[in-house]
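Following are the structures in question.
Below, subunit A partners subunit B and then partners subunit C, in two separate complexes.
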Partner chain A sequence: MSEIILTPKEQPQVPLEANTITPDSFAGKNIDEISNIAIWNGNKQFRLSEFFDVQGESAENPSEIKIIIDGDIYNTKRIGQSMTAGEITVKGNANMYVGAEMDGGKITVEGNVGSWAGQDMKGGELTVLGNAGDYVGSAYRGDWRGMSGGLITIHGNVGNEIAEYMLGGKMVIKGNVAIMPGIHMNGGLLIIEGNVVARTGGEMKGGTIVVKGVIDEFLAGFKYLGVERNIEVEGEIIEGAFYKFKGDLATKGASGIVYAAVAGNGHIVPK
Partner chain B sequence: MELVKNVVCPFCGTLCDDIICKVEDNEIVGTKNACRIGHSKFVHAEGAERYRKPLMRKSGELVEVSMDEAIDKAATILAESKRPLMYGWSCTECDAQAVGVELAEEARAVIDNTASVCHGPSVLALQDVGYPICTFGEVKNRADVVVYWGCNPMHAHPRHLSRNVFGRGFFRDRGRPDRTLIVVDPRKSDSSKLADIHLQLDFNKDYELLDAMRAVLLGHEILYDEVAGIPREKIYEVVDALKNAQFGILFFGMGITHSRGKHRNIDTAIMLVEDLNDSAKFTLIPMRGHYNVTGFNQVCTWESGYPYCVDFSTGTPRYNPGETGSNDLLQNKETDGMMVIASDPGAHFPQKALERMAEIPVIAIEPHRTPTTEMADVVIPPAIVGMETDGTAYRMEGVPIRMRKVVDSGLLPDREILKRILKKVKEIKAASK
Partner chain C sequence: MEHIIKNGIVYDPLNEVNGEQMDICIKDGKIVDSVSEDANVTDASGQIIMPGGVDPHTHIAGAKVNVGRMIRPEDSKKDAESLAGIKRAGSGFSVPSTFMTGYRYAKMGYTTAMEAAMPPLLARHTHEEFVDTPIIDHAAYPLFGNNWFVMDYLKEGDLDKCAAYVSWLLKSTKGYTIKIVNPAGTEAWAWGGNVHGINDPAPYFDVTGADIIKGLAEVNEMLGLPHPIHLHCNDLGHPGNYETTLASFDIPKGIKVNPKHGSREAVLYATHVQFHSYGGTNWRDFVSEAPKIADYVNKNDHIVIDVGQVTLDETTTMTADGPMEYDLHTLNGLKWANCDVELETGSGVVPFLYSPRAPVPSAQWGVGLELFLLVNDPGKICLTTDSPNAGPFTRYPRVMAWLMSNRYRTDMIENKIHKWAQRKTSIATLDREYSLYEIAQISRSTPAKVLGLSDTKGHLGVGADADISIFNFNPETQDPSADYMAVEEALSNASYVFKDGEIVVKDGAVVNIGIHGRTYWVNSLYDAELEKQVEAEVEKVFKQYYSVNFANYPVQDEYLPRSNPVNGVME
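The block that comes next holds the complex of A and B.
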């Protein structure tokens, strides 16, 4: 695998939009050509080399390219957007839309990311070691088809409306979640290892949500199906005892499933 | 004294079109039919300080300058910013808004209106799940079940109830006695006092209550005996009233668009209305605030494809409230130059957004001295639409109404000011190529 190292210079106050930082757009270009790739700073375009030092060696095929962003790019959006192969590692924070519309390959962010990480994801792997904002693995605004494949793992906490309109693939949140995880979910698997504030699976019609932590408030539109032990979801066994709910019966023809760990969730079961 | 009849009130989205203005010496001195808020706007009550000359901030003070100098400065700020924001638009007419969208495209700016802090969530929801809307005429003539959710029209839209609930209609010839009025509000209000049913739900629990109501409507049991502080039996009673409506209408306001969950509250409320149509006829209307906030969303949609929060920075319109909303851009310190027109974010935006406004150059196209003009670098006073100049505005349910000119101010209308700035921005952009 050939490595291309981008060392960020100072991040500008008006954010950068760098959907061209992908193995796909770097493939077949030499380092000079990569340095000249255009990125947006507000409404003006600049060369990549204005904001990053570019080193390393490129390759013909995107699957042979690993891009290492060696620093914090907290004000750069759209890293790895639409990538289909190869690898990107960010050794710091990144802004919105990391791995949006991603179809393959692997992205690892060592810090935090902004909202819409993995928006409309179709395949590949996105891992964030820090926190993420709202709308992880969501749909594009106004679309009713969200993430359809791939794997998103967030090690920290996330915000609202993650897995919005999710259709397929898998998302694992190791930290806590704000409100409305799996809103309008239609398929796929969402595993939350931490706690959820409220509205788990609001208006969901399909798919599975597993919550290992505590759900503060639950929606009345679900149907309680009893306790299940060592559940099997999408071919994997999750150990422990879970309350099982079906819903959200506020929507016509809903058959989504929410599992909530028995430990800590006694208050959401009907008396 | 002259009486000018059939004047349209330029205050709220109810857009009352039966106002009579009393005019003396080219000044409006009184009104008939207007509510107190509308009357105050017509007669400039409350010691409003009116600007009549363009102003620019020089060594900290706003000083009078020529129109050309103010236009030049405004155009320079817009043309030179990397991420200019053009906010407001809801208190001006549609032709001005259309020039505004063209100016935003030319300056590669983000254009956004006050919807992003009021009914923006409703716009997001209707894009997701649809918009079963009707007109005031249908409500007055047909509605037998009227729901006000998260709004207090007695104070915010004072003639709304008299036109839509108390008013006599073709199929509701007794007016109020022929209608069931339901108010959903965590607080007791002057509107809830008039209601047949007041659902006094817990704060921030609109989504939870709607979820339970929808499940009940579809014939399911609900998990809990009480949802959002409302007992199960009460929920059954209300759902029963809704689904037996001959013609039901849901009016909804800020209390639901900006409580926890925002657009998802509206999304599920719209779906409730949609599902109610299996057994009843049911529609909805958002309680839009500014008199032409709806108009901007119409104009912006037909010009750019998106209703608000439109980002022209790369030359193609893009749209994502949460990233391209005015408060997102200000609070994330993304924007580096701002134009405010026909609104007053200085009085209404959160502290963190104002901090950014204080750091960057601000242009205010604004007839009065406001908190926004206090932090502006350029102030250009226009003629007030609906009083000093004419134009089209859209009522809250999307009915376009022509606003009248009542008196003459000698000031330029917004559309003329914007056209001049647009011409200048084009010159600056051409020179820098």
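The block that comes next holds the complex of A and C.
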């Protein structure tokens, strides 16, 4: 694996649009050429080297390239957008749209990320060690066809409407979630290890949501199916006892499944 | 400014020019007999020359078009163009932004396009969007088929007052024709229902679709309008609707044609007939009845139709047929916008995927092509996709290529689309191929004539507006039937387009936006006294029911950068 190290200079006040920072766009270029790759800041184009020191060695094939962003890029958006292969590691925070439309390869962000991480993701792996904003693994605004493949893992907490219109793939949230996780979900698997504030699976028609923590408020559109132990979803066994629900029956033909851990969720089960 | 276009191969059906090599002379925006030696020369050797395209039915400006843009950011994302030369940036695959709409029509050699549904109350918005739509000449069709005043006057049997009202409204909204959409049905939708067929009365008003079609068809000729009534029949998209369609076609038959401008022969223009040619009772036993509809058109001279060809794309449906859009939304489960326009009409917007692999869209594709191929006279049928309802207007070149190439259609039928196209329609058995002359008819001369604009549009004779399209396809060495991809490519990217005598497109790119397009509208005066009386009645109702003041309703002349009135009766 060839490593290319991008050391951030000062982050601009207007966010950088860094959709050209991918192994795909670096492949086959030498370090000078990579330094000259165009990057948008507001309505102007700059060279990558104006915002990053570029070092290391490139390769012909994106799958042989690892990009290490050695610092905090809290005001840089679209890292790894549409990447198909290779690796990116960010050793700090990143802004919105990390790994949007990603189709392959691996992104790891050691800090926090903004909203829309993994938007419309099709494949690959996106891991965030810190927190993420709203709309993790969601559809593009207005679209009804969201994340269709790949794996997103967020170790911290996330915001609202994650896995919106999810069609496939897997998302694991190790921390807590705000409202409406899995809204309009049609497929795939969403595992929430922490707590959820409210409206889990609102208007979901398919797919599975597993909540290991506590759901404060649950929707009335779900039918309670009983308790299951050591559940099997998408070929994996999740240990523990879960209340099983089907819904959201507010939507025609819905057959989504929500599992909520028995521990702490007695209040959402019909008496 | 003088121009001469040399050595092109000309297709000009209104002047019966069929593939002759000749020069076209232009002076001061018009086509003339000859020009001086100083004229700019454009060499069109080995290329097709046609008049600028005329789209008689499209949705490009106004409130519901804009709702289509707003509820579909994903449609904008998939097709965006950045700033380039004189061109502004824009976006939208099925519902392009206004500027892109103008550029994209021009790029395909189209220089006139008519907005087919304008709620009178929202006329101002429609004209505002025209102001921002470059290059193309245009007009808007105000909706009359569910209008309270029209229904009241027809209920009273007072055709004179109805005519005076229509005349006043056309002037007030700067509208061009009498558009009728699902007559009585959209009014019923305001009550949560719909009508079925032409004999179902609108709630409260107690007039039927048939009454409205008949009354307005008579009013149309009393006013001497350039275009016949423009009818979107009842029961759009419902299996079994062809009977309603044929019954609707028969209603205005026998009314005497009376245009004060132009030379149309029809008293009925029926639009997107593809959506109205279905047999069966549901989507399982559905079958095409396009042959029966085509047979009717072949046997009757009072009617011209357009097709509304399905292009098998992901698109956005938008119509004043509010209840139909609700049906569509319950069918496909996608997002839906609905609007009720006070005393006048309604509308709905729903995205739609005409997937080539799905049975119904494939059959609809076949139904549209059956109409094209079974109507014998291209002087009675116009090319449309009811853009964007059955597909975006940017697919016209593809539809033309399908019509000119049985091989292209066979490849679609055998390899690309669902077998319902063969099973539910007769398309696989039709081997007719359109000639370039016939393509020029359905996209140029026929629409221009039925719009009443064939004095200046849709032909290349002396006195016509110098709206000219040139395509890099040599009919002497290339065969559109065999080389269908090349003809589609050539028709998508005109090598030159002249608008009002100026080059606006070169090599498929917009190079100049020229002068602003004309807004055609109908100026008529049926009976000055009666019109005053009707206006007073309308004003009274305004105070009671409308959300705007009467004085703020008419569109001022300032809204039309290039106003082009066309006269009806003037008494």
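Please note the rule applied: the second predicted complex is superposed on the first by the 271 of 271 C-alpha atoms of A that agree within 3 Å, B and C clash if a C-alpha of one lies under 4 Å from a C-alpha of the other, contacts with A are read in each partner's own complex, and residues count from 1 in each chain.
Following the convention adopted for this analysis, a contact is a pair of C-beta atoms (placed from the backbone, for glycine too) under 8 Å apart; a residue touches a chain by one contact, two chains touch by 3 or more.
Computed from a prediction, not measured in an experiment: that's the story for all the values here.
The superposed arrangement places subunit B and subunit C in clashing positions on subunit A.
Looking at the shared chain after the overlay, A:163 reaches neither subunit B nor subunit C. Once the two complexes are overlaid on the shared chain, A:142 sits against subunit B and subunit C alike. In the superposition on chain A, no contact is made by A:192 with either subunit B or subunit C. Using the contact criterion defined above for the overlaid structures, shared-chain residue A:261 touches neither subunit B nor subunit C, since it reaches no partner. Contacts of A:179 after superposition on the shared chain: subunit B is touched, whereas subunit C is not.
In the superposition on chain A, A:109 makes contact with neither subunit B nor subunit C.
Residue contacts after overlaying the shared chain place A:43 against subunit B, while subunit C stays out of touching range.
None of the stretches 331-339, 367-375, 421-429 or 529-537 of subunit C clash with subunit B in the superposition except 331-339. In the superposition on the C-alpha atoms of chain A, the part of subunit A touched by subunit B in one complex and by subunit C in the other spans residues 141-142, 144, 252.
Partner subunit C is touched in their complex by these residues of subunit A: 139-144, 252.
Against subunit B, the residues of subunit A that register as touching in their complex are 13-15, 17, 40-44, 96, 115-116, 134-135, 141-142, 144, 161, 179-180, 183-184, 198-199, 202-203, 217-224, 248-252, 268, 270-271. Those residues of subunit C that touch subunit A in the shared complex are 71-75, 77, 333-335. Across the interface of their complex, subunit A is touched by residues 81-84, 108-109, 124, 127-128, 207-208, 210-215, 218, 220-225, 227, 260-261, 264, 267-268, 271, 275, 312-314, 319-323, 332-336 of subunit B.
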